[in-house]
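Structure below; questions to follow.
For reference, chains read A, B, C and D in written order, and residue numbers begin at 1 within each chain.
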Amino acid sequence: MTPPSSPSPVFQVRAEVVANRQIGPGLYWIDLAAPEIVEHARPGHFVHLVVSDTTPESPCPVWMQYTPLLRRPFSIAEHDRARGTFSLIYRVVGGGTHILSTRRAGESLDVLGPLGQTFVPIQSGRPVVMIAGGVGIAPFFFLAQEAIQAGRARPQDMTVLFGAATASLLSGSDKFRAMGIDVSLATDDGTAGFHGFVTVLLEDLLRQNPSRCAYLYVCGPTPMMRRSAALAKEAGLLGQMSLEGIMPCGVGVCMACVVPCVRPPAGTVYERVCVSGPVFDLQEVILP
Amino acid sequence: MTPPSSPSPVFQVRAEVVANRQIGPGLYWIDLAAPEIVEHARPGHFVHLVVSDTTPESPCPVWMQYTPLLRRPFSIAEHDRARGTFSLIYRVVGGGTHILSTRRAGESLDVLGPLGQTFVPIQSGRPVVMIAGGVGIAPFFFLAQEAIQAGRARPQDMTVLFGAATASLLSGSDKFRAMGIDVSLATDDGTAGFHGFVTVLLEDLLRQNPSRCAYLYVCGPTPMMRRSAALAKEAGLLGQMSLEGIMPCGVGVCMACVVPCVRPPAGTVYERVCVSGPVFDLQEVILP
Amino acid sequence: MSRSTLTPDPRPLTPDLSVTIGSLRLKNPVLVASGTFGYGTEYAGLVDLSRLGGIVTKTLTPEAWPGNDPPRAAETAAGMLNSIGLQNVGVEGFIRDKLPYLQTVDTAVIVNIGGGPIEEFVAVAERLADCDGIDGIEVNMSCPNVAGGMDFSTDPRRAAQLITRLRKVVDLPLIAKLTPNVTDIGEIARSVEEAGADAVSAINTLRGMAIDVKTRRPKLGGITGGLSGPAIKPVAVAAVWSIARRVTIPIIGIGGIMSTEDALEFLIAGAAAIQVGTANFVNPKTGTDIVAGLDTYCAQEGITSIRSLIGSARVP
Amino acid sequence: MSRSTLTPDPRPLTPDLSVTIGSLRLKNPVLVASGTFGYGTEYAGLVDLSRLGGIVTKTLTPEAWPGNDPPRAAETAAGMLNSIGLQNVGVEGFIRDKLPYLQTVDTAVIVNIGGGPIEEFVAVAERLADCDGIDGIEVNMSCPNVAGGMDFSTDPRRAAQLITRLRKVVDLPLIAKLTPNVTDIGEIARSVEEAGADAVSAINTLRGMAIDVKTRRPKLGGITGGLSGPAIKPVAVAAVWSIARRVTIPIIGIGGIMSTEDALEFLIAGAAAIQVGTANFVNPKTGTDIVAGLDTYCAQEGITSIRSLIGSARVP
């Protein structure tokens, strides 16, 4: 899973904020205009954003403009080629995402992308399950949308299992339903869908309805990914997951974002999530 | 000029921004609501502001909320006891003042004040000249206004000499005229008033009309203050000036903001601008 | 059956925030750092001093000291440089004008002392040893802003000499304040422990410099100065961690602390107490806010004594 | 009468940005720092590499090296910590997979080398000495992230030993990269100058640490790591200033540089060139933006050669 010899081009652009709205408690949806990025974006790609306001004309010293210092990575959740925009779903968890939530339409952000390895596209006649925890749902909008728009797969062959802490964080499930995709929900507090972990839904599905799942896509918190990978292994199921990692550079130079991967015969090697991932095969990563 | 043994009380308050508007190129006027500070403010006092957005509920780490790190000092330019507001005039010169200029009405700022030594009040029957360069004009609104409102002095006994780089930076001279005070202007580029340094106006006045000036107040850039102090000395004129200095604390603890002062018999001693000033007698400070 | 087992007390236990530094018991681990809080009076109107664990006063030298040429401060990225050069009222001025007020405040008073040759430190310490109302002495071996001021804490042998001499004249808790501008701060800590220090505090400022590119002049009159503030916090936490690996006496952590989280980071790394420095300028209530924050934190986490947090970092 | 005296040329003279580091002439003083720009390829699509004064590649060890356990980075106030632990492709991997591309780029290529024992440095240097397209060798004596990796630049005698050995096998410009985690960086610089280094670069990262107070675990797998970014700029400027007082060989300034102003500060303090590190992650065009900024600055100020700025600080 080394990066392909000719990776898709990467752009650094000032993307205009087209909309930035709250869709749940601490949950936001942002649309950014960046035609170059949109043109090359594939499901699974992520972008690396400067969340703060950086304008060459600012009287602030440069370090102050870049506060917080590092870019923040987000998966592309949707794209619209006609408008030249792409969308992200993000949760405010700290300073960077808080600042992002205060950026207004008309302002612009410094965006680097598209970055990383993409998902194996959904293929006709191979039923897939996408299992997501929280904002892990983001890349699956793009994944499903792209396959349907390209006519490569039918919504009937897709299942979304979507879990979150509480009902109000499940924003977006309608979008899948509108595409004709079957969605099952789970919440930790039982306010919507199944009361419990979303991986229990996967377990049930693999037991009761194995033909619905010939390939598995996973994105969410580490314990959920670990459990999903284990269930897939038991079931002899192939699939992919999208990982996170602290990413100073996002383009493979800093060596910070590594995860241990099984690479026979070498054994365990550290792979960079930003360029060898964020999408990995389910069984290749040794999750912490 | 050591601080009085019982200085006026100092408050740390969250002051609401009532208005924050541009009044010239890079020049702003801000009204802040802080009744406690307004009640104790006297002409010559300054406040020490956190320019950035600091709210205990913010998900940003505290250091990030305090970016830039240090407070910024500004002279009180006006106060309105009835509304409980005071005003500042500030020029955007760097990151801190830039951020201040982006704060909107309804937001609040952390303000420490009132701070420092005040001007000797304008007294009845003693004609005064206030000479200002640029935003150095700020404390003189308050000085003149207070004396007139208290009925302690007549506008006819006051003269304002106001210089700046260019006409558009002379904003505020109407306010003095509206009070009935005589204002003479000077600009470096000749776009308004006398074409040259404002200290030339002082020189002329002291020569042609010495009775208009029994006491001198000075505030502005160092060369202007140095020249004004020299002219006063020649004319045997008493007066005060308001100094600036890098002020980390603003309350006398850090010892950073010092200026060398002549203190017979001790000789030269370092006095803190924030507590022994910012207002000093014209001849006591050794200006750099 | 006692009442308490029938109806559980709805109020959580008040966490015990007290810590000890040698024979000195602090009501809580939050002190304010030397040079950043004056002599207590300046902030008295704004801060409830009795809520603080203690106040460390500005470094005292035998005579009042004029300090360095201005400018003496410059702001930097998440920090500031200073080259105050120990301007202070001198030990007699302190005892006459400042100590009486401090004696009235219900908090620990730690007096920071400095000087050039060892004899100056000893003279100040001896004079203070006679006074009431002083709870500890912090030795500023590390001020980079006076000529020769750094030797004591860059050379373990000289550091030990200084502490040995002071130990002879001082019964009060003796705290050695260390500079980070050394190759191995743990070694210096080790040597002052052996020489009889009751505690170490770390860190003083990092040596730094800034130049105004328009005028091409250094931004400080002292050319170089000391860097403080959030920028240096990671260096300070690492220093505390290293020292904790080398000594058994308590460590007072200092450097960039602005919040309860920052204070916790130092405690977990091995500090028994912390000092708030530059943050006082930014928000004079930082120290008392942190006291309240630690209280809430302990109550929420069910921590009965904050001492259980000291050095509690989990490492593989 | 020539045309030029009749109609003055409206274009200002193009300032000369070139500087020399030993026998190496750089088209401009702006390099990108080791470990922050990969091997050139990664940013090639985003940055016009030929505009840079040079590229310093990631530290190479004799064999490919796995590096430290993750997490390997944590953000701090105006800075970041890293504990990469020198993960790299090894010298053979570099020569095979990375050097061919670098040879095609019209900029100076400086290869940074590291290792444990002196023999490892020598082995890497000897292997590189055979290759075309390498313009200089930077010796990472100072990486705090590998066991024993710091000894070379904390002890002047050992630093000199290393450089003396390398000098024997390397004709290329030899640059000693120094750590700030020492009592007297000027002394180390002095000793490597005597041992034959053509230049020194300063600084590498400051030792730092951060703890997640929720989990009480260090934020880095390596427990402590190296602090970089704007937070450390004042420390780096002071280091360059101190070194400039002690050596005559050129100094390459590194630490927190994000803007043209920052670069100028280092030049004025005494640096002949600078390296952009962490800022590359933030804005990959930082280096080339600074080149353009220096050009504009010199043109505006009527500076014909940037060399006239080096060490031009005005002090009383």
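Definition applied: a residue touches a chain if its C-beta (ideal position, glycine included) is under 8 Å from a C-beta of that chain, and two chains touch if they have at least 3 such contacts.
Keep in mind the model is a prediction, meaning the values are calculated, not measured.
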item: Common touching chains of subunit D and subunit B; value: A, C
item: Greatest separation from subunit C - chain, by CA centre; value: A
item: Intercentroid distance (Cα basis), subunit D paired with subunit C, Å; value: 35
item: Centroid spacing, where centroids are CA-atom means, of subunit A and subunit C in whole angstrom; value: 46
item: Touching two or more other chains - residue numbers and ranges from subunit A; value: 61, 63-64, 67-68
item: Per-residue multi-chain contacts in subunit C, two or more chains; value: 77-79, 229-230, 233, 256, 261
item: Touch list for subunit B against partner subunit C, complex; value: 9-12, 50, 54, 61-63, 66-71, 110, 112, 245-260, 269-270, 288
item: Residues of subunit C that touch subunit B when the two form their complex; value: 35-38, 42-43, 45-46, 58, 66-67, 70-75, 78-80, 82, 84, 87, 229-230, 233, 256, 258-259, 261-262, 278, 280-285
item: For the subunit C and subunit D complex, residues of the former touching the latter; value: 76-79, 81, 154, 181-184, 206-211, 213, 215-218, 223-224, 227, 229-235, 237-238, 241-242, 256, 261, 264-265, 268-269, 312-315
item: Parts of subunit A lying in touch with subunit B, wherever the complex brings them together; value: 58-61, 64, 67-68, 92-95, 97-99
